[in-house]
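My structure is below; once you've seen it, I'll send some questions.
Note that the chains take the letters A, B, C, D and E in the order they are written out, and that residue 1 is the start of every chain.
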Amino acid sequence: MTGIIQIVLSPLIAFVVGVLFLGLARKIIARVHRRYGPPIYQPVIDVVRMMSQRSISHGALFELGVVLALAGSLVTVMLIPLGGTEAFQPFAHSVLCPLSSSGGLLVVMYLMLFGPLGLALGAGASANPNASIGVSRKMLLALAYEVPFLLVILAVMSQYGSISLTEIVARQQQASWGVLSVPLSAVAAFLILPAMLGIRPFDLVTAPQEIASGPLAEYGGTCLALITVQKAIHLFVVIALFVDLFLGGGVNLATFLVKMLAVFLAVEMINAVLPRVKIEDAIKFCWKWPTALAFVQMTITVLSK
Amino acid sequence: MIPSLQKDLEATFKGVEVTVVEDSRMSVLAPRDSIPVVLRYLKESGLDHLALLSCVDWIKEGKFEVVYVLTCYMRNDTDYTSDQRLHVLLKTEIPREKPALKSVIDIFENAEPYEREIHELYGVHFDGHPRLIPLLLERDYEIPPFRKDFDTRKYVEETFGSIPPVEG
Amino acid sequence: MDRNQIAKWLKSPAKMANKYSLHAVYFCTGCGIIEIPPVITTRWDAERFGIIPVATPRQGNLFMITGYVSLKTLKAIIRTYEQMPDPKYTVGFGSCPINGGMYWDSYNTIKHLDRYIPVDGWIAGCMPRPEAVFIAITHLWTLIDKGKADGYLRYQENYAAYRRNQEMLFAELEWPPLYPCDSIAEEARK
Amino acid sequence: MVSPILLIAVPLGLAFAIPVLGLASKRVPRYVPVIAMLFNLVVSVSLLPHALKAPIVVRTAGWAPPYSIHLVAGPLGVLLSSLIALIGLLVAVYGIDYIREGAKVKYQILYILMLVGATGVVLTGDIFNLFVFFEVLCISSYALVAYRGDSTGVEAGAKYLIQGAIGSGLVLIGIGLVYGTFGTLTMADIAANVSSVGSFRLFVSLAFLITGFGVEAAIFPLNGWLPDAHSSAPSSISAILSGIAIKAGLYAIARVVYTVYGASSILPFLAVLGIVTLLIGEMCAFGQEDIKRLLAFSSIGQMGLILFALALASATGISGAVFLIVSHGLAKALLFLASGYMIYRTGSRDISSLNGIGKRMPIMSLCFTVGAFSLIGLPPFVGFASKFTIVRAVLGTGSTFFITLLAIGLIGTVIEGAYFLRIVQGFYFKPAPEDSPEQTEGKVPFSALVPVGLLAVLILTIGLFPGIVGRVLGPAADDLLDRTAYVQHVMGD
Amino acid sequence: MSPQAILITAFAGAGLVFLAGKVHSHLRDFLAVLSSLALVGLIAWSHGQYGPDNEIVYVPDFLGMELALRLNPLAWFFAIYIAIINAASVVFSLSYMKGKEKLGFYYSMMLLVNAGMLGIVLSGDFLSFYIFWEIMSWSTYLLISYRRGPALHAGMKYIIMSLVGSCAMLVGILSLYAQFGTLQIAELGEAIAGSSSGYVLFILMAMGIAFGVKFAILPLHTWMPDAHSEAVSPFSAVLSGVLVRMGMYGFLLVMYSIVGLKTILNLGAGFFNFHYILSWLGAITIVIPTFIALLQNDAKKLLAWHGIGQGGYMILGMAFGTSLGVAGGIFHTINHGSYIALLFLVVGAVEYRTGGVRDLNRLGGLIQRMPVAFFGCLVGIMGLIGMPLTNGFVSKWFIYKTLITEGHPFLAFMAFVGTWGTILSVYKLLHNMFLGQLPEKYKEVRKAPISMQIPILFFCFVIFLFGVLPGIPLRAIQGIQDTMGFAPLQLTMWGLASGAGALNMLNICFAIVIAFAVVLLLMRLGAKPRRVPQEDSYAAGSSVPAGKYHHSVEFYNPLYQMISPYLKDRVDQFYYWAADKAQGVFELTRRIYTGYAGTYVLYIISFLALLIFLQLAWEIW
């Protein structure tokens, strides 16, 4: 029974928290620009408005791409432990992670492919060169940040000797947090977090000025609403993963969300002030500093094992 | 530099009157079919920058006056101070009925859009021009708009007045 | 967020959402565009009203035309207007789109914008200040509330008239009519 | 059972009967070689079971053993003579329609003489008799090489004559030395008391014999004549030359080294020489444009491999070598015969003109492909079985020296595979050159198709069922290897 | 059904098809399809029948050795996989090859290659293994050079490398025979246990070269890109799908059935033991070819390079000798076979319909005209990437889990980077062929014919079936692992059941399907969008320029400029350099035969003098 609740609960939490984070992001940027900025729930209004708009469609794949992306993100959320420990728990359920026993971190990494692939298929079907250029930038950026990200994940996995996220979180809570046991990987992960979220220093994928918001050039109405929801959930997933890997996950849902908020605020500060980089520089950056740090950390963990 | 240029021009070309308007501005009036030769001569003598091409509609004398404004690129800052820069206005007169001139693209490549503009707005035909297609205007006009005999108000009344409001 | 606001939200969420989330596609034509940056940046901050500029007409629902409209620009305006998703509102800046303004006798600018695309609101002033823009926005809210901001519906009903007006100006339009209607060319052929 | 002497006597008689028959009717001489070879084949095949039990010794001219000229028809001898007879028969059938112009009668006579010479070399037990038959073989092949009578043919023949004469001269000196020391000419007697004499004088005679026979056996430094001789001779003759003649020379060397002298210490040198010949032959063949010259060089390569296998001095090694002699004889004869008619059809000998012939002469090119695949050593064909036995023998010895030589040799076979497959690719997949005039329209004569087809079928069947030849290889290898049995058998009774 | 019957039908089929080709084309097509399907049926039917009654000596005495056939789980597994892919590509080539010349030759060679492969898999001793290996090699050679032009060069390259490989294997086999006196695989298993590790290493090296060439491991891979892109599409599907995996079968046979698990793991000293080097070779084989594939503009060359890249995963899985890894390796072999064959068939279908166009820069927007081909390509690339729900994911999951739990994060890292390289390059394949603007000249392209759609849809079904229910193939692999002496895995129908590291594909599948349904419902909730043609697209207010509004040329230009200097195929250049040097040497040796009689006589005399001098000087003899 608790399984069913969890399956419904975790995507819902992801949606609510994700959308709140989006609203918070716009608020923070406004505050940094010394202006009031929209209310926190502005993304909800945007989503409802977009749902009511009757836009165009370039064929079945154009819509199914978006559906695939959102479905992938929802399922990824179910695989990530959102706080809670093996031990006794006030909510009388153990770790909030419905599909914890079906594959662990490897499945999460592969499920995170659904988002970009779904969007890429949809954008490709929209037959707009802006979209194609946006997708090719998305793929290149993904390749750029995946190299250090893989090193980071492998360092954590070999440090805690397991491929299941719940086990890693449990071991972090008993032993030391990921930040302390694999510090350089944590720094590397933080450096590439903006690239994974696709926000300011690396938001060259949906660059409104250059390529008319890239893959979203042709999207409007309901598809655009679903894409914003997917963006929100992806934001939630990435930050939740960061917290699970390095900050020892949450003893319960509340502490987990607090840690996520902390990480989110840190990333938003960077997002609010930095300009956009070119794709070549993004690749060079991601393959230089984060990769070096992650590589050094991995060799240390391998040698120490 | 102006006096020497003036003497040279009068020496080499007959039928050319040169007047010095101010200290760094000289206007040269040349017959229609000698324009390319004079332009090439001026270009060789240092005036290698065709700033613009314009056209004046003398409706009373029944002629157009096409003006080539020439100056020279400042190679390096020691050449001369900006106020010493020399402007030469090469003018020529063509009848209003069927205005036609020889295109100067082979001498100054950047004349191409200017000639198109004058063709579109004054109706002057430049033979030898690769693509005399409209540059700025959307519609085609019987009397080119910049001509003095073009009555804008009547035209506006005709085209835009005739378009009915949608709901009434 | 007082009680009647919530009641309105519950009654018709689509209309309220449209009011408080106007994503603007501003068409930088004429002298009005220099007014837009102050509107959306720190000093006057349009985002408070939920207005943010978007890159493509597909994502927007507010269409600001900020100045005189030349013939060539009209083509692009019509194309962009038709590419916007359905509940969309058009606002004309300054006097030039209203009646030609100081270019009333120019052969190259159109005089009445609303003869070619439906316009929901005008902002008077030979380039209105940001405050005027915000007043117009709040006025637009009331129009939306009363359901009078129905430019896109009017466009659909008498699309034939709009299309005919557009074709009277241009020799041929490169894109097919948005809604099925017999354009001038077909009539000529009949 | 019939005596092996017939194998030599009957064809000789027929050969000299040809001029007489020639007078009677123009068309008969063409069939005489076929009859002769058919007779030889039947006799040697019938002799085979007896020879397997014990070598048949035939005394001539009645003297006591050490001084009588006698034939020793051991299993190896009979096997090779039946191979010679078989290939001779097929080439003779091929020659019926192939040889049209020129001195046809003389061609037939020399043709039979050459085959008789080869059979004699293989069967004889007397060293001088070996030289005589060797001379018969060489002289008739000099003449046949120059049969075409055009400038290249005569020049090649002359060159072959010069080198062959020198080779025979050296053999004669070698035999003289041997006769000087031992006083007798029968191999068995020499073999019996060879160890008692001082080694250097013995070695000189061995050196002379090896070099002399080496010239005919196309070993590396001595085979200058082969490329020109084979390419300018008519195809049927070059088929016999590389199918039988050079193998007779190699047999002579083997017989001399193993039975007469029992000189096992020279074998490693021969092995190295064999591999060098293989590499040189394959490398030269790779860049060839002319198809017959390419086949000639490929023969040199295969001879090197046979020599290497012979030099292993182990039973499987020798049987592998003999098996390779059989398979190479069949395959090379097939290739020469098939290319004969292809050249006849396209009018020129260079490979580029043979492109796209797969469509025009399907059967001939199919048989050529079978022959080529067998030479490379691809499985379902006989070449694979022989190569397999040789490699098994080398690895059986287990000595790293031979294994490294084998590795180099395998590279040679890869080179051979490369250029043969390039030709096969040319047949089927390259477009025919437009400018080549259709030389002669019309079907290939039946008498050419039969031998080529039969050879291809033989290659395939022996490849699938190697047992047919396999049974004879064991005793043939022992016949060569253990000298004492040979001596005791010949001298004993 | 005894293996002998299977082989007879296979070879008879090849022969009959060639003869039928002479009689009538329809008869030939019918016979080809019939024999392929019959083979599939025969092999499927002989599923359970392992054990002694299936050991048949079909040639008692071949040069003193007996040739035997046998059927065991490993053989059956590969046999059914070969038969299915061959049947699919024969059905595909019915319409693809219509109108081309020499079809009798083509079909008989296809069936001959298939028969050769079945022979390899069913052979009980190494001699018949070698014979069928050679038959497969030269029939593949003839099929590769079927398309004339550059295919001839590709064929030559292939056959030379495979000849070198088979010579090495011949030496390996016969040294086994010399050492142990028998070539029966079963007997060799026990016999080799006692021998020294140096000797085992030599055997592995010799056999490894032959299998490496076929398997296209990095240094020996250069023939594969040319052969695949020049071969006819249906055959390149067979070539990359299954023929290249004979190398895998060989490795499995030698490493695990013959040498056995124990000795493999501690072969060689410490760092430089055999399986460690093999795994590093596999890792490099994943990364470099995948990124070279990224830069290709020809669809089939791109897929060929992926064929090499994916081979690295199988080597990684197999190299560590853990039961999970080997299961992952074998499972990845058939998965790769299914989706690479599918992708080649899709490229073939597109090529067939657009008149031979394979250049990715000139195609586009074909989704509107060929939806089934698009669906096949989409499923194919999802399999190649290894997205969840496809079979590629399960086998990669197994391999990654082994790598991580065995403590090799660097190898896992290179495998992951390989996956990301695959994602980029296969998306470029899909995008440039099917998405974007449909060019003018392909407006009337018709759908792929039925006989092409059947194999495509069949492979899609297989990919999804094995993706969601991996238990079916894994149970068969379990049978193989028992024969090889591996510890059994706790397998369930939908994945692995062992504790925290479990894999449950059914849960993931249900989750995705439910999420998909929910989102679709949300989509229907919103306003229904209206369909617009491809011209009605945002172009900053202007109308869309026909034919110029498609971005596919130099799809990853920024990355291209950064990595293209490093990704020249240096191994290929080295081989060509070596070939030129060899050609030079051949030219030199040709000079020896000057054609002047005098020098020849000089050779003879000097040879004689050399002989006598050697004897005089050193008394060698």
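In this section, contacts are C-beta pairs under 8 Å (C-beta built on N, C-alpha and C of every residue); 3 or more make two chains touch, one makes a residue touch a chain.
Just so you know, these numbers come straight off a predicted model, no measurement behind them.
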| item | value |
| --- | --- |
| Chain labels contacting chain C and also chain D | E |
| Shortest path length from chain B to chain D (each step joins two touching chains) | 3 |
| Chain at the geometric heart of the assembly (C-alpha centres) | E |
| Pair of chains joined by the greatest number of C-beta pairs in contact | A-E |
| Centre distance in Å when chain A and chain D are each reduced to the mean of their C-alpha atoms | 79 |
| Cα-centroid distance, chain C relative to chain E, in whole angstrom | 60 |
| CA centroid of chain D to CA centroid of chain E, Å | 44 |
| Computed distance of Cα centres, chain C from chain B, in Å | 40 |
| Multi-partner residues of chain C (each touching 2 or more other chains) | 56, 58, 75, 83, 86 |
| Where chain D touches two or more other chains, by residue | none |
| Multi-partner residues of chain A (at least 2 other chains) | 51-56, 212, 217-218, 220-221 |
| Chain pairs in mutual contact under the definition given at the outset | A-C, A-E, B-C, C-E, D-E |
| Contact footprint of chain A on chain C as seen in their complex | 13-14, 16-18, 20-21, 23, 41-43, 45, 47-48, 50, 53-56, 58-59, 61, 83-87 |
| Chain A-facing residues of chain E, complex | 365, 367-368, 374, 378, 382, 385-388, 393, 396-397, 400-401, 404-405, 407, 409-410, 412-413, 416-417, 420-421, 423-424, 427, 430-431, 434-438, 495, 500-505, 507-508, 511-512, 515-516, 518-520, 522-523, 525-532, 534, 536-538, 540, 549-552, 555-556, 558-559, 561-562 |
| Chain C-touching residues of chain A, taken from the complex the two chains share | 26, 30, 33-38, 42, 45-46, 48-49, 51-56, 208-209, 212-213, 216-221, 224 |
| Interfacial residue positions of chain C with respect to chain E in the complex | 27, 56-58, 75-77, 79-80, 83, 86, 174-175 |
| Residue ranges of chain D touching chain E (in the complex, touch as defined) | 158-159, 162-163, 166-167, 170, 199-200, 203-204, 207-208, 210-211, 214-215, 221-222, 224-225, 227-228, 263, 265-266, 269, 280, 283-284, 286-287, 373, 376, 378-380, 384-385, 387-389, 391-392, 395-396, 398, 403, 406-407, 410-411, 413-414, 417-418, 421-422, 425, 428-431, 466-467, 470 |
